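Structures follow.
Presented sequentially are two complexes of subunit A, the first with subunit B as partner and the second with subunit C.
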Partner chain A sequence: MLTRLKTQVPLFSMNSYTKLGEKLKLSGLSLASTHSHVIRLGRHNSKMAVCIAVIAKENYPLFIRSVPVQNELKFHYTVHTSLDVVEEKISAVGKAMADQRELYLGLLYPTEDYKVYGYVTNSKVKFVIVVDSSNTSLRDNEIRSMFRKLHNSFTDVMCNPFYNPGDTIQSKAFDSIVSAMMVQAS
Partner chain B sequence: MSIPDYMQCAEDHQTVLVVVQPVGIVPEDEFFRIYKRITSVAQVSIRDSQRNLYIRYRHHYLPENNEWGDFQTHRKVVGLISVTTCGSAKEWPQTSDRFHCQKDVFGATLYDSRLLVFGLQGEIAEQQRTDVAFYPSYDDCPDVEKRVEDFVESIFIVLESKRLDRATDKSGDKIPLLCVPFEKKDFVGLDTDSRHYKKCCQGRMRKHVGDLCLQAGMLQDALVHYHMAVELLRSVNDFLWLGAALEGLCSASVIFHYPGGTAGKASGREPSLARGQGQAADTGKRHRPGALTANGISADTSSEIGRAKNCLGPEDIIEKYKESISYYGKYKNAGVIELEACVKAVRVLAIQKRVMEASEFLQNAVYINLGQLSEEEKIQRYSILSELYHLIGFHRKSAFFKRVAAMQCVAPTIPEPGWRACYKLLLETLPGYSLCLDPKDFSKGSHRGWAAVQVRLLHELVYASRRMGNPGLSVRHLSFLLQTMLDLLSDQEKKEVTQSLENYTSKCPGGMEVLTLPDGLKLPPVPLSKLPIVRSVKLLDLPVSLRPHKQKGLLENNLSSKSPFIYSPIIMHTRGEERTKKIEFRWVQGDVCEVQLMVYNPMPFELRVEHMGLLTSGVEFEALPAALSLPAESGLYPVTLVGVPRTAGNININGYHTSVFGVTSDCLLDGLPSVRTSGCVVEVIPSLPRLQLSTSLPRSAHPLRPSKEELSSSVSVQLFNGETQQLTITLENIGSEDLETLEVTSKTCNTKEKLFGEFLSWDLEEAVSQLPLKPGQSVTLTVNVKVRLDFSGGENLLQDLNDDGISVTGLPISSPLRQVLKPRAETKALGSESSKTDYNHVKTLEAVMTFKYSGGAGKVEGYYRHLSLGVHVDVEPSVFFTRVSTLPATRTRQCHLLLDVFNSTEHELMVSANNNQDLVLHPSECQRPAAGSSRGEPSLYRSMSLVGWRSRWLSSTFTRYPSRTRKPCATPTPNYWRRRGFTPRPP
Partner chain C sequence: MADDVLFEFLHMEMVYHIYKDQASRGEMDKDRATCVSTLEGMGFRVGQGLIERFTKDSPSFKDDLDVMKFICKDFWINVFRKQIDNLRTNHQGTYVLQDNKFALLTQFSNGKQYLEEAPKYLAYSCGLVRGALSNLGMDCVVTAEVSLMPSCKFQVVIQKI
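Here is the complex of A and B:
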């Protein structure tokens, strides 16, 4: 009931922001993307994520990749704000039974264009996957498996003796796993 | 109804709305002063009935919203208080008219009204009127609060009568249909007799009565009425009103459960609650039983449903809110109601700490479309969303919306962009992005934050502050950006940022002062300690000649006072000590002191640093700033900063000062843990005189042989053996203190050569008599340099001399009668080896002269300085005795000793011996002088007297005649002559 969308007129009109963006050199600020963008993704029959982020225990990004590269900052904002929900979910569960907690956090929040999913490892490293909300074919199970893959790959990164925990991830193997999960940019 | 009141909360449902407005010309500040006093009466407890009436004041209310008053009675304006200024009786009628006009605006719903007149005195003011109060001035109105309380009580009476009137309506009577403004046309021509319609009317009226009960302080009755209304309205699918009834139910339950209110700390109710009863927490509970009995409410409601059942539980409240909001959502025109309901629900959830659900409500609120919003409304909406997210602890989301609001303030559609507001809002977002504008927070460890977002935010702050017309702020923010995010910026960005920084600083140079914003926020200074990055700081000792030394005796005293123990195994060492560690050497007041920094430039372009100087404490210090230019991404680069201590004491080098891109910064070493330093505290001793030494001889090109002492200067001279040279030393006092003492010592460097006589000799008396030496004056000292060395054993030389087959009896005259003819090495390469052999003929003599001097305040403290002058003398052989033979003399006891003397120089020499006649020896001439005679046993004579002779010869005066024919060659050697075809004359 609460997730019902009223889409008569988009609340945040893209126009005003792009103009403002030119003025202020802001490219990342927009709550809504244009319809053309959604259509473009649809044409490519996307099944996968548009943005994948790994966030450290201290809530700073270790890795962030998004498909429309030109608007990366927008995803930075999306992922950043999703941390509120992640933290809330962790703290809510944490009190009850921290050890038996499920790593997968489920849908963090839907925006007009995207759905944001979260996953927290036992060491409090967070994974966030953003998918297009027009993408209805994606099931919860598939999201879970994406997270599991991501987690495995992240474990490999951590096993690398030359990786300094806390540094940004530059592993090629990890990058290729992420790329495989992402929507191929046209 | 188009403008939502975002500040609403559930307990507002129990308030009555009173509008306070100025009439005519009322100074704004005066009005708000009165308004503040009026609003302090937010809760009035009604006499006789133990009930409380809550009042919500507004100084601005849209009449349009008033039309929704039937739907939710707390939206209805029931009271009007007008504030007016009236100077004279003449103006009174006009003022009165205006008041009546204003009353008409809300006329339909008003229960009562008051007019507060300020400034009017005289006949009219004497009148006793209930609806008008007269006060002589804004400062003289002691009973405003009392008047307001009376006014509220009169409202209560009307409210109570309305409530009773409606509540006791018999079902048989015709109940009017209450409706909201947009419904009116829908009911035109509807069958008013239908069962459906009647139920509709009943349900709505029940809901209305519930509202009135809630306002009148009868919570339980209200709950009962709401429950009944919900049932009635549900049966007829009157969704809008069903929603309202459910919301009423929720509001009443919230009031029951959370008597402290849900509006948070901003609630204006707290103080008045304390004022009213002092029992704020249980007012609701205490009054409930009374409410049921004291007011003859129809029996059916009170007995029908139990109290506990009526009130919703905390879970239910949210469920019902959800339901209610979903019903509102069916009506496009009820967007504002829906939005407000969402906001209220969020506030309740925030109190319940059910954050996730609250965020869902907020998410929904984001999507509620209110049609065309003005820019101002958008800003308001984003701000309130931000505030609510903040309330539920979603600080990032809150920051996000605040930033959106900030951007909305300067949207291009706004004719006059509010950069000031934008800037203010942006500043408020900082905590949400975990940014703090104090650079000290960043210096700890590497940066950990959401860099991309933070950089953007800082850019926006810079831009907004610039547009706001405050370049000082822009400079501060840009400096902060450069300082804290330097590692995260790309080369291109670095260039851009520094360029704009230079642009801004051309208008407003950046400094180290704390900037204070109008709202009290302080922007701490940002020292650019990364432009350039300083890796190490090393204090340098003074140059050797200027180093002060402590008199021995005094030094020991000093040491012994440090500790009573001669030796202790316990090393008093703490970690913090390293930085404050005192350095061994000392600086002298008034002398230029140096500190060496190792710096590097992290920027991809040349960095110009101006006015780089030292920051010190403890001693008055005159820093002499330097300017430097570091190449792009330079490696470590040494920079020497200099300054002059002006007083004595312990000086602490705290940091350094730079000016880069027009931003001056004071970088303190305490804040720079990455800087290596070997101690920053050094003792400055009182000033000492300074001497400059100049000599009559040229300075030495080659340093002295490795010796422990460092020399301030050295001279070198070339002398022939036996020659004496005068060296004039001029000592000039170039310091600012009088020279009071002067001591001269000399020390001959370790040499294997046997030295005869005194090498350096001087007479200090004359110089000392000129003391004290004033600054600028000079004193001269003449030093005699005498070289007398033993050149025996110079077979090599003799060989060289003999290379043309001349037989020479060598000097090692072990058997002077034997002809010693050593065969020369057959293949002697003239060119290459000659230089080596040449050198061997020259002997070196070195000595160090030390000038110890002191004066001024430093002398009192027991310090002195010393200058040392290295004297380097290359001694060349002058004469050789090529052959020794004896001739019997006339007397048997005597014999003649014949010595063949060879002048190897190209000067004329005079050889004198024991009062014999002087012999002039021309260059490269061999003569057999009339030798002196000796007597003794031949055996003894061979070995002893020769030595005696030789020494006598060597001690004989040796005068060099300036060459008349040609200039002396640098080192005339046998080979030199040979090359010119010269053959030494055979003896």
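Here is the complex of A and C:
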């Protein structure tokens, strides 16, 4: 509920605030955006994913984490369907030989609630990030940097002698990097 | 810089240790085969991790030949400090990589002395190449042959299923 306050009209009356509130109202900004703890949430919200998944070359998940935990099945399904789009993009790039082939695949497909982004490594491991559609402030560069961090962290997991390629990822370090990128559970 | 020789010494000790271990346990017949596959297995896992790190920033590869060129240049430079001298292919999945001064064999001899010991020291590198290729999506069999030290040839045969 609190996450939507930034864009909606505040639930409390403007009159109960100071002249600052009136000035803001005149300039069209919502007063809620000056309320300190909403600002904090607002800033966090703009860089956070709702679900992050790492899929192996053989198309089974190595790691999948989502917030909130109740709708987990829906996210699993979303990630699964996005794999088709990933495959399509990979094979499409193969035909366009002139293009500089990038690892970042961009927006895979938008649903009414969520936007799904994809990234594939040279070892054909896919990363999928699902973000909330209401996050309009999330720019392409930020998504790219999230993927970069994921890739770096995954490379470290791969080089860990206690990790067998093909197993699910148990590394706590990887887990903490992912948790830092996800929406804080309210 | 002493960095380069660190791995060479470690590798020599690894081979020695594996063979010593095997000799103290089993029969003479099984020795060579299991030692070679142990070393190859080690190289395989290391190759997988290495390739993940090296290809982190490079764009995707166009085809098999592109992958082999990457192995011959960037990968070989990073691991053995030089490029492969000669790459030959029959365009049907077989590649021969020739290194005229293979880093792990330079200390042995300049000719035919110690030739029969050489295969032990090539097993790890074969595994390295196999692991790297497998992580890039190419299943293959890698073998090495030496006729005149320190030059050696790695033969890569890609398994098409």
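Methods note: the second predicted complex is superposed on the first by the 133 of 186 C-alpha atoms of A that agree within 3 Å, B and C clash if a C-alpha of one lies under 4 Å from a C-alpha of the other, contacts with A are read in each partner's own complex, and residues count from 1 in each chain.
The rule we apply is simple: a contact is a pair of C-beta atoms (placed from the backbone, for glycine too) under 8 Å apart; a residue touches a chain by one contact, two chains touch by 3 or more.
Note that this is a predicted model, so its numbers are computed, not measured.
Of the two partner chains, subunit C is the only one that A:Met158 touches; subunit B does not reach it. Of the two partner chains placed by the overlay, only subunit C lies in contact with A:Lys57; subunit B stays clear of it.
Looking at the shared chain after the overlay, A:Ser123 reaches subunit C, while subunit B stays out of its contact range. In the superposition on chain A, A:Leu83 contacts subunit B only, with no contact to subunit C.
Shared-chain residue A:Tyr109: touches subunit B; no touch with subunit C.
Between subunit B and subunit C, B touches the greater number of residues of subunit A.
When both complexes are overlaid on chain A, the residue A:Ala92 reaches subunit B alone and has no touch with subunit C. When both complexes are overlaid on chain A, the residue A:Leu73 reaches subunit B alone and has no touch with subunit C. Considering their complex, residues 57, 93-94, 97, 100-103, 120-124, 151-152, 154-155, 158-159, 161, 165 of subunit A touch subunit C. Put simply, subunit B touches subunit A in their complex at residues 322, 325-326, 329, 355-356, 359-361, 363-364, 366-369, 389, 393-397, 400, 403-404, 407, 410-413, 433-434, 448-453, 456, 459-460, 463. Here subunit C touches subunit A in the complex through residues 45, 48-53, 55-56, 58-62, 135-137, going by the rule given at the top.
Taken in their complex, subunit A has these residues touching subunit B: 1-6, 8-9, 11-12, 16-17, 19-20, 23-26, 28-29, 31, 56, 58-61, 72-73, 76-77, 80-81, 83-85, 88-89, 92, 109-110, 112, 166.
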